[in-house]
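Encoded as structure tokens, here's the structure I'll be asking about.
As written, the chains take the letters A, B, C and D, and residue 1 is the first residue of each chain.
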Amino acid sequence: MTSKPIYLDYAATTPVDPRVAAVMRECLEPGGDFENPSSPHSGGRQARFRVEKAREQIARRVGVAPETIAFTSGATESNNLAIQGALNADSARGRHFVTSITEHKAVLDTAAAMERRGIEVTYLRCDTQGIVSPQQVDDAITDQTALVSIMHVNNETGVIQDIGEIAERCRASGALLHVDAAQSVGKVPVPIDAWGADLVALTAHKIYGPKGIGALYVKPGTRLAPVIHGGEWDGGVRPGTLATHQIAGMGEAYELADPDREGAELRELRDRLWNGLSQLDNVRLNGHPTQSSPHVLNVAFPGVDGDSLRLGIGEIAVSAGAACDAATPEASHVLSALGLSNALAASSQRFSVGRFTTIEQIDETIRRVTAEVGRLREIAAGAPAWAGN
Amino acid sequence: MTSKPIYLDYAATTPVDPRVAAVMRECLEPGGDFENPSSPHSGGRQARFRVEKAREQIARRVGVAPETIAFTSGATESNNLAIQGALNADSARGRHFVTSITEHKAVLDTAAAMERRGIEVTYLRCDTQGIVSPQQVDDAITDQTALVSIMHVNNETGVIQDIGEIAERCRASGALLHVDAAQSVGKVPVPIDAWGADLVALTAHKIYGPKGIGALYVKPGTRLAPVIHGGEWDGGVRPGTLATHQIAGMGEAYELADPDREGAELRELRDRLWNGLSQLDNVRLNGHPTQSSPHVLNVAFPGVDGDSLRLGIGEIAVSAGAACDAATPEASHVLSALGLSNALAASSQRFSVGRFTTIEQIDETIRRVTAEVGRLREIAAGAPAWAGN
Amino acid sequence: MDYSLEVQERFRSPARAGEFAEGTPQVVAGEAEDRTLNVWFRFQISVAGTVIRAVRFRAFGCPHSIAAAAWVADGLEGRDVAAIADLDMHELRRKLDAPVEKLGKLLVLEDALRACWDALQDQAESRNGS
Amino acid sequence: MDYSLEVQERFRSPARAGEFAEGTPQVVAGEAEDRTLNVWFRFQISVAGTVIRAVRFRAFGCPHSIAAAAWVADGLEGRDVAAIADLDMHELRRKLDAPVEKLGKLLVLEDALRACWDALQDQAESRNGS
């Protein structure tokens, strides 16, 4: 990756680990296992073997049984399947859904779509550090609540919710719990079994697996109405020809994604970055100082427009927040939820570190951000208070 | 592919063309274009460039403008998005849907799901050669018909429907037309613009592209309700992080998929196989002798159980029909629709040829099938008439 | 479908497929079919006293069905005719490592054997009665 | 976001960013902001007669905004003050190859210039009136 800019956007997506790419190649190369895993011939059975191996690798990483893992095209679809599926199931106990305003758009837009279909949705707020308390969840649940959806690691701030405790409240009051864990795997433990969650959305491309493949954990006995119809593949939850190379890649990525090994390294890089940046006057950390994933650092630089900072630091790839928000000029809904003004939200940058981040890259980033913040603040000297300078 | 069995199951899925794999590698390798195509940084823009190039390659192959192509996880999802999307759109002109009984499960199961949501569905029958006539479609359309869905090339028999004529009838009566063209690309022309279809489902893995990526053509102005929610990616039709390597692979596969070049070769292989097999006593061609795609040959061997024939011919990978049916013991719904008895349907084999099929493989297949049919008929000598012997 | 080595071997080389030459003495035959299950079996059993001298079969059906018929035909030769009634299809299914949904077809095979058994009893009776 | 080379260059080296030393003669200033658009501009224009002698600016905002301010500041120097009123933001947007949704911000820049213009007029009037 020599000619590439410094990449600090691992929360948007990651490069594919060479070991993952090697496994994928075994399906893509001439003579590889390209056959349809649903075909009865020997090639099909070999492809099926790869699929089932990956299912086990994934299940092991999140502490569940392999048959609870269904493959999807990514966490967006997994979130849709969990939420639409649980709320549309015949077994749904009511038409009330609880979620939070800091969720990913894949959850919030699905919630909005369900509202249009007559579901009542309660959107929980978070505190100024991004935390939704288990008590808030508890208070929101009624005897009509079919489903609660709370994310584990927030994609913009890295803030971690207390899923174990939230799951206990849901269980006690009879509501299903769905967890969007798209950002979690490989960075922090995802002990689905210990949590006792009913549904968990997973994806491969945030953890050195390929884009376009994800999974949904479905606790045995959980009834889901399918979102996509078309036959009996994969337990009936999600039809379509299984993409062996993608699934095998996800399996390998999950096998490699050990937070016990990598978490501390990531936290060191992230902390070094924050130590450096916090030397600047007037910066603030968005999110929670400790209850957060080691790979994300979200910082507001008051008085500095975010687009200008990003252009100014040149070949360092960072993000305003969710990649999907790139085209839309509105402020991040997550940062607004933390109480940031439009200007402050727009002055914020998400830095996310990963497996291939080096200390030198972190130090270079600190140097460049420091210089550019100084320069832009100088250009904006005298700006009104709302700009934050 | 030296150590592999003879593969005659290209209609189930194809190996990835080495040229396609090479393009995919450019996204999967260290230093490759792995970034999120929605990210604003330079890496993201490079990935976006690959996505837009692929969109153009695909659009060019099917004669439409690039912006009419939306990416999905495959034809199963594309069919769902087309059918659910058109029938659930606010603009749908009624609650009647017309399709045919020889469609793929991705269409039939979606139709059944829509029935459960109060849509009235008319299932057109086909004649004994698998043809649904434009007149039948015309007769079925009422002023409540929002959508007609007719497949182009049937996946079990290769039978081709007259989409141009059907589209004209739909247009004249104000119903939208969706076409499942999952099997068509690269084997026969797919002139979407000339057809005048409103929606067309496409996939990559039937034409030497990767599994797990497909597209939906959406004629400008066609209103679709999304099936999966989550932000504004890709024209709002289908959210989720775009899988650059998959999309780039599909683009390259479509670029290479020239039916003018390959169609005749495929037909030669298929005809040679049929010429050989039809030397056997008492065999019949399932489907239409001429109005069919050059890559599929479906043959009934009365008096021979299909599973036994498949095991008997050993290392030749063929299929009973749809791969998805492999686990279920019921007779193919397509062959039943042609009027075949259970036993006859169970005695049928789909042979499908492709880019890497050789004349030697065809000849070897003829030899082995001929020998095995003879052997099994001998073992079954004296079986009752229903068994077909 | 995965087939056990046993099934593959029996399916490929069903030594006793066929029928006895006309005029073979002491032969009974039994036949059974199930159209919905797509199977048909016919057995011929040639006995000498109460000992099974030789067996022949014809079968239409899936590999498990053919292999099962071949297995039964091989196994019965040289045994007392009582062995016919002793055959347990559940056990045979496990021996062949066939999935449970194949049991129905094996029970059709059992019907064909029972028809042989009945024919043997008839023969014995008519011999006794004569 | 793609930035044209023009924008990148102006954004990186905005030669006239800053303000005049105190006591610089004949200076008018104008300022405008839009909170919802996240932009603020301040221009200082120093004139000699009807000729613009020098321009300085401060800006808070996106790269297009900063580049536009730099471009305007550079372009006005040495010209007649009438040039201020002649500036066309639509044309500037095209020159910078900025997307159409940036026009709103440029109109705030225009407001800041208009404030300078008004100040110049006031000055001229007060000079005439005195």
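Definition applied: a contact is a pair of C-beta atoms (placed from the backbone, for glycine too) under 8 Å apart; a residue touches a chain by one contact, two chains touch by 3 or more.
Quick caveat, the model's predicted, so the values are computed rather than measured.
Chain centres here are C-alpha means, and the one lying farthest from chain A is C. Between the Cα centres of chain C and chain D there is a gap of 100 Å. With centres defined as mean CA coordinates, chain C is found 43 Å away from chain B. Annotation: 33 Å between the Cα-based centres of chain A and chain B. The multi-chain contact residues of chain C, meaning those touching 2 or more other chains, are 1. The set of chain B residues that touch two or more partner chains comprises 40, 326.
The touch graph of these protein chains is an open line. Going by the touch rule set out above, the chain pairs that meet are A-B, A-D, B-C.
Residues 1, 3, 8, 11-12, 14, 17-19, 33, 35-36, 38, 40, 42, 58-63, 65-66, 101 of chain C are the ones touching chain B in the complex.
Across the interface of their complex, chain D is touched by residues 303, 305, 307-308, 311-312, 326, 329, 342-343, 346, 376, 378-384, 386-387, 389 of chain A. Remark: chain B residues 1-5, 7, 9, 12-16, 18, 21, 24-25, 27-32, 34-36, 38-44, 72-77, 79-80, 104-107, 109-110, 112-113, 205, 210-213, 226-233, 239-246, 310, 315, 317-320, 322-324, 326-328 touch chain A in the complex.
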